[in-house]
Structures are given as C-alpha cells and as structure tokens.
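By letter and in written order, the chains are A, B and C; residue numbering begins at 1 in each of them.
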Amino acid sequence: MAADYGTRMATTAGVTRGTVTTQVERPDRWWLEPVAIVSVLGLFVLYSAWAGLVNAHYYSEPYLSPFYSPCITSSCPHVTFGVPFVGDWWGFSPAVFIVGFPLVFRLTCYYYRRSYYRAFFWAPPACTVPDARAKYAGETRFPFILQNLHRYTWYLAVPIWAILTYDAVLAFIFPTPDHTGFRLGVGLGSLIMLANVAFIGLYTFSCHSCRYLCGGYLDRFRGAPIRYRLWNTVNRLNTRHGLFAWLSLFSVGLTDLYIRIVSMGWLVDPRIVF
Amino acid sequence: MTEATLRVWRGDRDGGAFEDYTVPTDEGMVVLDVIHKVQELRAPDLAVRWNCKAGKCGSCSAEINGAPRLMCMTRMNTFDPGEPITVSPIKAFPVIKDLVSDVSFNYEKAKTIPAFAARPKEADGTRRMYQEEVERVQEFHKCIECFLCQDVCHVIRDHDENKMAFSGPRYFVRLAALEMHPLDANDRMELIRAKQGLGFCNITKCCTEVCPEHIKITDNAIIPLKERVVTEFYDPLAWAKRRVFGRSGRGLPPAAAPGPSSPHSREPEPPSA
Amino acid sequence: MTETIDRHEYDVVVIGAGGAGIRAAIEASAQGARTALVCKSLFGKAHTVMAEGGIAAALRNVWKEDSWEVHFRDTMRGGKLLNNWRMAQLHAQEAPDRVLELEEWGALFDRTEDGLILQRDFGGHRYARLAHVGDRTGLEMIRTLQNHAVHKGIDVHMECTIRRLLTDGDAVTGCTGYWRGTGQLVAFGAKAIVLATGGFGKAWKITSNSWEYTGDGIAMALDAGADLIDMEMTQFHPTGMVWPPSVRGILVTEGVRGDGGTLVNSLGRRFMFDYIPDFFRKDTALTEDEADRWYTDKANNRRTPDLLPRDEVARAINAEVKAGRGSPHGGVFLDIASRRDADYIRRRLPSMYHQFKELADVDITASAMEVGPTLHYLMGGVRVEADTAATTVPGLFAAGEVAAGMHGANRLGGNSLSDLLVFGRRAGLGAAAHAASQRSWRRPDEAQVALSTREILAPFERPEVGEDPYQLHGLLQRTMQANAGIIRTEDELTRVLADIGKLRARALKVRVSGGRTYNPAWHLALDLLSMLTCAEATALAALRRTESRGGHTRSDFPATDLAWGSKNVVTRRRDGVLVLTDEPIPAPPDDLHRLLGDDAPEQARVEPELVIEAARS
C-alpha cells in the first residue's frame, strides 16, 4: 500500500531493503583506494614508529627532525629553547613525549577519519560496497565518541606547528667552522624544513574545527567582518584539507628521512652559507 | 543508428532478476531516454519514476553500474560502446517494482524536524539578511531530494536497524540549513545529537560523492553540525564559558538598527493555525 | 469481481501538489478544515520545481517607481487585455505579501546590498520585479511550502492519481482514483475540492512540461460540468533547448536574457530589433546601444526587445528559423558568453550552466546556446471567480495553471509563481469557507464510483490484442506539434480534430499487460484520455477564435480583431459533447482602465505581416 505517508513510520523503519541483490554492482576497481590508503598509511606508521624509537640520527646541526621536536630531554643533542624539562634519568627516545600531539590531531582529523574508516574498518570499504561488520554505531559510543574532542587536539597542534616553524627558522642559521659564532645560510635541509612547516601549517589551519572556531559558529556575518573574512579564508583552504593532510604527512616523513641520512653521513647537505 | 544494451533489474517485493534489453539509441541520449525506449519497444510495464528530465526534480534516482545517479543526467556517451550497463533501483529502501523504491522513510524523517521559526522583524518592519550570510544556506537549499545520499549512506543502507535512530545526510543538510539560517530562532541541537543521530555519521563522504547538485554535504553541512554539537555537549571550555558569561548565541540580533522607511512596514499576516 | 475501494473523507481535498496546491492546502488547513493533498508524483517533485526565473511582485526593493498599478498594467498588456481584470488586480496587489510570507517561512532569496530581496528583470515587466534565487526559484518556493506544510496537519497522499470528480448532479461530493504504487482504487469524500493540476503540455512533442502535465484537472472539471475558457491560448516559451534531440524542449530561463543575454540569428544579427510591435514600441529600445545601456540605467533608456513578452519573442524566433536564418539544429542563438564574464554567468545562472554542460556539452560561459520555442504553459483552463477561485461547479475550486483568466492571452514570465501563491491561498480560503458551510458529507453516488472503477480498470480487461498507449501518445504529440503549434490554420486544426477522433477510438481499445503494481503503461493509458479531451478543447477553441492574439496565432486570420478582444471562448461538455460559445469579458472599472494606457485596447495586436511571413516560408 503506497502513498499515505501519515502512518507508515513503523512499517518503513522496520522493513528490510527488499529483495534486490546486494552483490556489488560496481564494475570498477573500487578496492584500489582502500588498498592504497592501507599501504601508504601503514608504511608511514611503521617508518615513524621506527624513526621515533631508534633515538639516534635525528639531529644534524642545524636541522632537527620534526619527529623529535620539541626535544625536551637533557639527552638531546639540541634541546629546544635550551631548557630540558626531563633529566638524565630518562633513557628512552625523547620523541615519546611529543609524538602523541600530532598523532591525536591526525587521528581525530575529519579527513583521516574518512580515510581510515573506509580503508581499515571497511565501514564502508567504498561507496555502495557493503560494510564488513553487521553492527554499526558510528561515533555514538566509546571510543569513537572521543572524536568530538578534535578541537582540543587542534589546540595542541598549533603550538607544535609554531615550534616546528621555529626549528625551520633555526635551520637557516649555521655554525661557523670553528663553532664560535653563527652565520646565515641556506641548505637543502633548510628548504625541506621550510616546505614541511608550510604544509603542516596549511594542514593545521585548514582544519574543520579551526574553520568553526574562526567564525563558522556564527549564523550572521554582518557585524562580524573579521570573523567572516577569517572563516571565508579557512573555508577556501578547507576544500583542500585532504590534499594538505597527505602532503604534510609525506613532508614530515621525508624531512626526518633527509636529516637522518645527512646525520648518518650518507649524504652531504648542499648549502650556501653567507 | 546505434544500439545500446541495458541490464535492468525487473521484479518486485517478492524477488526479481536482471534482464537485458537492446534498443536503438540516438545522439545525446541519457540513460532515462533508453529506459523510455525500453518501455516503448520492449517492456511497457517497466516501472520507473521520473518528472522533469533535467536534473531538477530528483525523481529518477537509480544505481547505474552500482553508482547512485540520476538517470536523466547520465549520458550514454559516458560509457564505452558495448560496455554492459546495469540499472537497478536504489537499494537502501524497499523496492516496489522494477526501478521504483518506497522512499517514504524520507518523508517520515522530514516530519521529525521542527519547522523554521523566524525571529522578530527589524525595527523598520523589514527582514534584512545579506548575500554573504544567505549564500552558505543557499547551497543546502539546492537539494532536489533525489535521496541518492540517503541511498548511498552505509549507516542505513547496510544497517536497517539504524533507521529509527538516524535521519541520513539529506536531513542533516536540512538541519544545517535551518541551524545556519540567519533568521531562524529555533534550537535543534539536542534533537540533532539525540534523535537525528548525527553521531552515527562517520564522515566517509559517499553522500558528497553522489550528490547531483554538488552540495558539499559532509564538509559544509554535517561537520559544521558536529562542531556545533561539540560546543553544546562535549566541549568543557564552551560549557564553562556558558556558565560564566551566559549563552551568547551565534551572532544573533545585532540589535536592529533603525533603518530608512521601507515599503514592507505593513503588519504580518496572522500566523497560520 | 468486487473491487475493494479505499475510502477517505475530508473537508477539503486538494488535487495537485505544486505551488498552488500546497499553498491552497496550507490555507485550508489554517482555516480549520481537515485537508488532504493528493498528487501523482512524490511530494515536492511537481512541475513548480522547474520554474527558474523568479516570482513577480512589486516589492519596490530595486525600483521605488514600481507599484501594484504598474504590475497590473504590465500583466494586462502582456495578456493582450484578455485577462480577467479582477484577477490581475488581486494578483498585483497581493503578490508582495505572498513573497514576504515565503521569507517568513524560511525561503532565502538573493539579496540587495542593503539586505532586502533582490529583484531581476524579466520579459514584459517594466521594472526589475522578480524575487529570485539564482535560477532555481521554483525549487526554493516548493521546498519552502513543502517544509511549512509538513507541520500543518495536512494528510499528503503521494503517487495517487485522481480520475473523476463525483457530483450529486450539482455540487462536488468527492473524487475517485488509484494509488500508482499498488493499483488499489481509492475514493475521497469531500465537501470541497481544489484543482491544482496544471496544464497538459505533454500533448505536444516539444514541451518543457513533465509527464504529469496531462490535463487531468481540466478534463475532470469539464466532465463535472465546469466551464473552460481561453483553451486556445497556449504559451510557447521562446527559449527551450533544441539539441541534442533527447533534451529538445527543456526550458532555458528568461533570466538569461534578463541578465544580459541576447538572441542572435545565423548572420550574427540581434534580430529582435526587427520585430518590435507598435503596441510595445514606446517602451522598447530601438537601437542596440540603448538596449545595452538599459541594463544599468533604466531611468533613461527603454528595455531591450529581447525581453518583449514571450508570444512576441516566440513568433520572432519562429519567423527567423523559417526564413533560413536559424542555427544548425533549427533554433536561434542565445548569447550571454560574449556579453558577461564567466563568473557572473555561473553565479547568476548556475543551473543553466549545469544543464548545458551536462546535457549538451556546451559551456555557456564560452559559447552561445541554441534555443527554440517550446510549449510551456496553458493560459486557458477552468473558469474561476476571481476572489474565491470558485469554478462554475459548487464546491469545486481551481488555482494555478489549471485555472484561467489571470493571464489572458499571454502570461508574463514570473507571473506564474506569484499566481500560484495568490490564488492558491484564495482557493484554500474559498474551499475552506465552502466546506464550513456544508453540514455533512453527502454520500458519494455509488453508481458514479462504479463507473469510475470500470473506466480505471478497463485497460486490463480488454481483448488480449489491443492498442499500445505509448504509440498513441506519440501520435497525439506529433499531430499537436504539427497542427496546433505557434502558427495555426483552419485546415491544420480540422486535421487535429480528425486525428483526435481517431486516436480516441483507438485509446478506448488500449490493452495493458502486467499487473497493477506501478504499471506505467496503464497510467499512460488513462492519462492519454485526459490529454485527448484537452487537446480537443484546444483545437475547437482555436478554430473558433478567428484572429491572432497572444498565445493564439492564425495565419489565415493574421490580424488582431477588436471584436474578439472583449470575448472569451467558453467550452462546456453538454450531453457528452463539447459545446463552444463566445462570452463577453467584463470590462475593468474606469480607474483601472486608465492604468492600461491610451492605446489600449486598440493596439493589443499581433503584427499581421509577421504571421503571414512566418506561415508562408
């Protein structure tokens, strides 16, 4: 009985999908995207775990690997801001203290959530391809309900970005050969670190929470011209949030890799010092 | 004259199967034209919904090669000649017959959303809104209710049991349109969190991918709603701020400036019962 | 076999859920009437969503000089003075309130600099007057009404086709039909019924109308004893898509010209300057320079002839194509690409951009569109009383395209959406008042219900080998397109009538296969009967009006005839056959007549040379 939509809630909501076959009708290679995401994210996680724990070759003056910044133990060859917060008793990698900050920012990021829910949880693996699990509660329960705290992770991510920017500035200041003074210069490493903070900045400031905090919470923009302009700018950046997420992920890994290789002496950093 | 073969799902609530139809085609045809040819030449009782045939009414939703699409906006020349083209009904809802599904779920959900309620007029009797304010909401008003986003959303597509607790992307777009409307005075935040089931959405963005009106459903409607829900229910700082400073609204009335006299100073109609 | 019939009773049943129908239901319900809204499609899919340009209302947000008087004048002159003056007056006076009411219900129109509703230029309107949302105003309107109606306690019955009005010999008592989804029959008892069923554009091959436009309301009203007027007045919208063939007829909004687009022939000439009739010469730019200046300075320049009323533009395009100056696919060019920058076009005309890009592979910001006339609107229809929208049958009301009189011989763009709102509301008021005056439901006449049941189920019960409804529909479209198009002659109209006679006989032999569950062949077999009735009424009325005026052009009577200017052609069904008479149109009172201008009505005329030339070539 079609049509009278006055009284049908109970029936409709209870009714199953009907009898159409649920086999996947997509003829395209829909599994490519999840496979690619699993591979790339997996590789990154493995590499960064190793690089963060190995506790060596993360500094090659004046370059500090972003995995180890800010470096706050007294074991650091370059203690950020010069004051170690953690003393000699700490025997492990100093990266452990700070790795969580960018990690939770990315873990709760709206873009990464899309990607890993699809690729790792298969909920769904691709559009119109059935979910892997029979039960689904989305982000209504623990632990996923914690995704709602994304804006707090943004609060953490901003100072990290500021410190990385500070590191990138230091990357243009080179020691004199006799280690008594400093001179300005540009090395390949300086440029890589600069590009890295640029990408991380674009990623951090195109964040959906940032967009909301800048002015997205307003319903009326008249009378709030600055917030409107801010919101509008972030809005434009936000359309490429996914792109920035990937670019900054690669740049962070490659920056560490570059510094590591230079530090291990496999490569001499080309530089011009004035 | 060229020919095309469509593999169309035929059947009803009791079951069905794909059937192949080969019909002559013309330049510029869309899938809906070919379906009409099938009706005319091969299967007069083939059920299909359609109206405007120009992508404006959102009636002819179907799954073409597994992709939720409007049949009237899917041109035949986007397929390779000879490529098999399957057409089946949208599957998140019970099928009635052939390509027609029972979409009354959506109309039921529409009724659970409290209506727009305008806040008071300006002192000069007008309602002023500015282009930069309405543009954000106008994007949501482009929705043609084709329900393709509802169809593709795995929360209900793959989990019938969620249908009671979850309204689906179309209604988050509607709620966003109301919540961000410069004149709306209703507060629906608790409703959005608890009854409309915003938390079920895991922002996998299939709704955005299939939207024929190119509404950025996830980025512009759902995520901003999630952020608003966070402020209301999950953000301790926002909660503390409300306790200390009171509810500051969302940029609501910058108290009406007395403007020049306007042609709309007449009294409003008495409200409808 | 006894057929079970689903029964419902309401104070007011509104048939059709476009703008007029929803507005009527909202109003009837607000008056306390138990109201049902019945529609053939899903709720919110009605043809109103196709309206693009805007809602005409003298809001005076852009031009302070505007007023309801000017709007009234534009409407009457555009309608070649065949309009019901009282309807035109009510419409012009109430349209602004109706638009503001939509805003009250959540509609978001484009804004002026100072935050009011922005208004755009359209054909035949002296001032920029159309409240709009880009080029999807109809969608905004129907969605606003729909969302408002949802909470008003109206029962919406979707995908339900009504086939017959029940009467007790005098007043309506209800209606019968079937659910499209299941094929189950249904009967509604009603104290009052509002028809809001639109026109019957689907009888033509090239039309902007959707499948729903089959004239059910007109046919049912006729069968119930109501008067029709002006059935010969059909509007061909000058700009429909012409290529590729499968999209031929789909509308290209007048907003393209309102926002700066011009019509150009294959020689690159802006030919509309060659087709300015005397009646509009005083208000129209005669040079391209003046026309271009007018877009920005309306006070000191006259409007471009590209924005003459639709009948004039459609005839001009027709003449250009016949003279061999058309575009490759039998239209003319509509060029905005060379006149406005790409951003402006995409912002002002997003769905046109989208439509051409996706359906025709044409980027309208880079090249010209090909356009040609497409059957768009029926000015004629059910005769109504202006203030209450009551038809000549007690208890039966009509609003929107199905009703006649408001637009006279030609409708101005933008006046349709405002018509829906103004008279939808009035029909709802009228129907609720009528229902309140009835103490109880009169039992539907079971003999009529049984007759209707037999009619509805007949296509299943005929001999195995019968006619095919799709083929018959195609034949009807072909003959209407060829013989009842923009330019008509006695011979052609006689041929149409003969064809209709034959098609009707064959339509009564249609046999459909398959079951009753959502069977489109069956639906078409029934809709076809309505289309045939309407087509016959149009052909008869067109034969009778031996002049050219507005949406009715006869090459054998190319001149506008003053005597016809004060007469409606009235169509009635009496003893099963259609009977036509001419009846005088009431003249407006002096104060309103003065608004029409000194040259009215003498010059409300079609240019005879143009008609002859077009017919000859």
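Here is the rule we use: a residue touches a chain if its C-beta (ideal position, glycine included) is under 8 Å from a C-beta of that chain, and two chains touch if they have at least 3 such contacts.
Keep in mind it's a predicted model, so treat the numbers as computed, not measured.
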item: Chain nearest the overall Cα centroid; value: B
item: Chain at maximum distance from subunit A, centres defined as averaged CA atoms; value: C
item: Distance between chain centroids, defined by C-alpha means - subunit A, subunit B (Å); value: 31
item: Interchain centroid distance [CA atoms averaged], subunit B/subunit C, Å; value: 28
item: Between subunit C and subunit A, distance of the C-alpha-averaged centres to the nearest whole Å; value: 56
item: Multi-partner residues of subunit C (at least 2 other chains); value: 43, 115, 156, 158, 181
item: Subunit B, residues touching no fewer than two other chains; value: 12, 96, 102, 104, 107, 129-130, 181, 184
item: Contacts with 2+ other chains: residues of subunit A; value: 2-3, 5, 222
item: List of subunit A residues in touch with subunit B within their complex; value: 2-3, 5, 8-9, 12-22, 24-28, 110, 113-114, 117-118, 123-124, 127-128, 130-131, 134-140, 144-145, 148-151, 208-209, 211-212, 216-224, 228, 238-239, 241
item: Subunit B partner contacts - residues on subunit C that touch it in the complex; value: 26-27, 29-32, 41-47, 49-50, 59-61, 96-97, 100-101, 103-106, 108-111, 114-116, 133-134, 136, 139-140, 143, 147-148, 150-152, 156, 158, 181, 210-212, 243-247, 250-251, 351, 354-355, 358-360, 468-471, 474, 512-515, 517-522
item: Interfacial residue positions of subunit B with respect to subunit C in the complex; value: 12, 26-30, 33, 39-40, 44-59, 73, 75, 96-98, 100, 102-104, 107, 110-111, 114-116, 118, 126-131, 134, 137-138, 141-145, 174, 178, 181, 183-184, 259, 262-264, 266, 268-269, 272-273
item: Residues of subunit B that touch subunit A when the two form their complex; value: 9, 11-16, 63, 65-68, 84, 86, 88-89, 91-96, 101-102, 104-105, 107-108, 129-130, 132-133, 152, 154-155, 157-160, 162-164, 179-182, 184, 197, 199-206, 209-210, 216, 218-219, 223-224, 226-231, 233-235, 250-252, 254
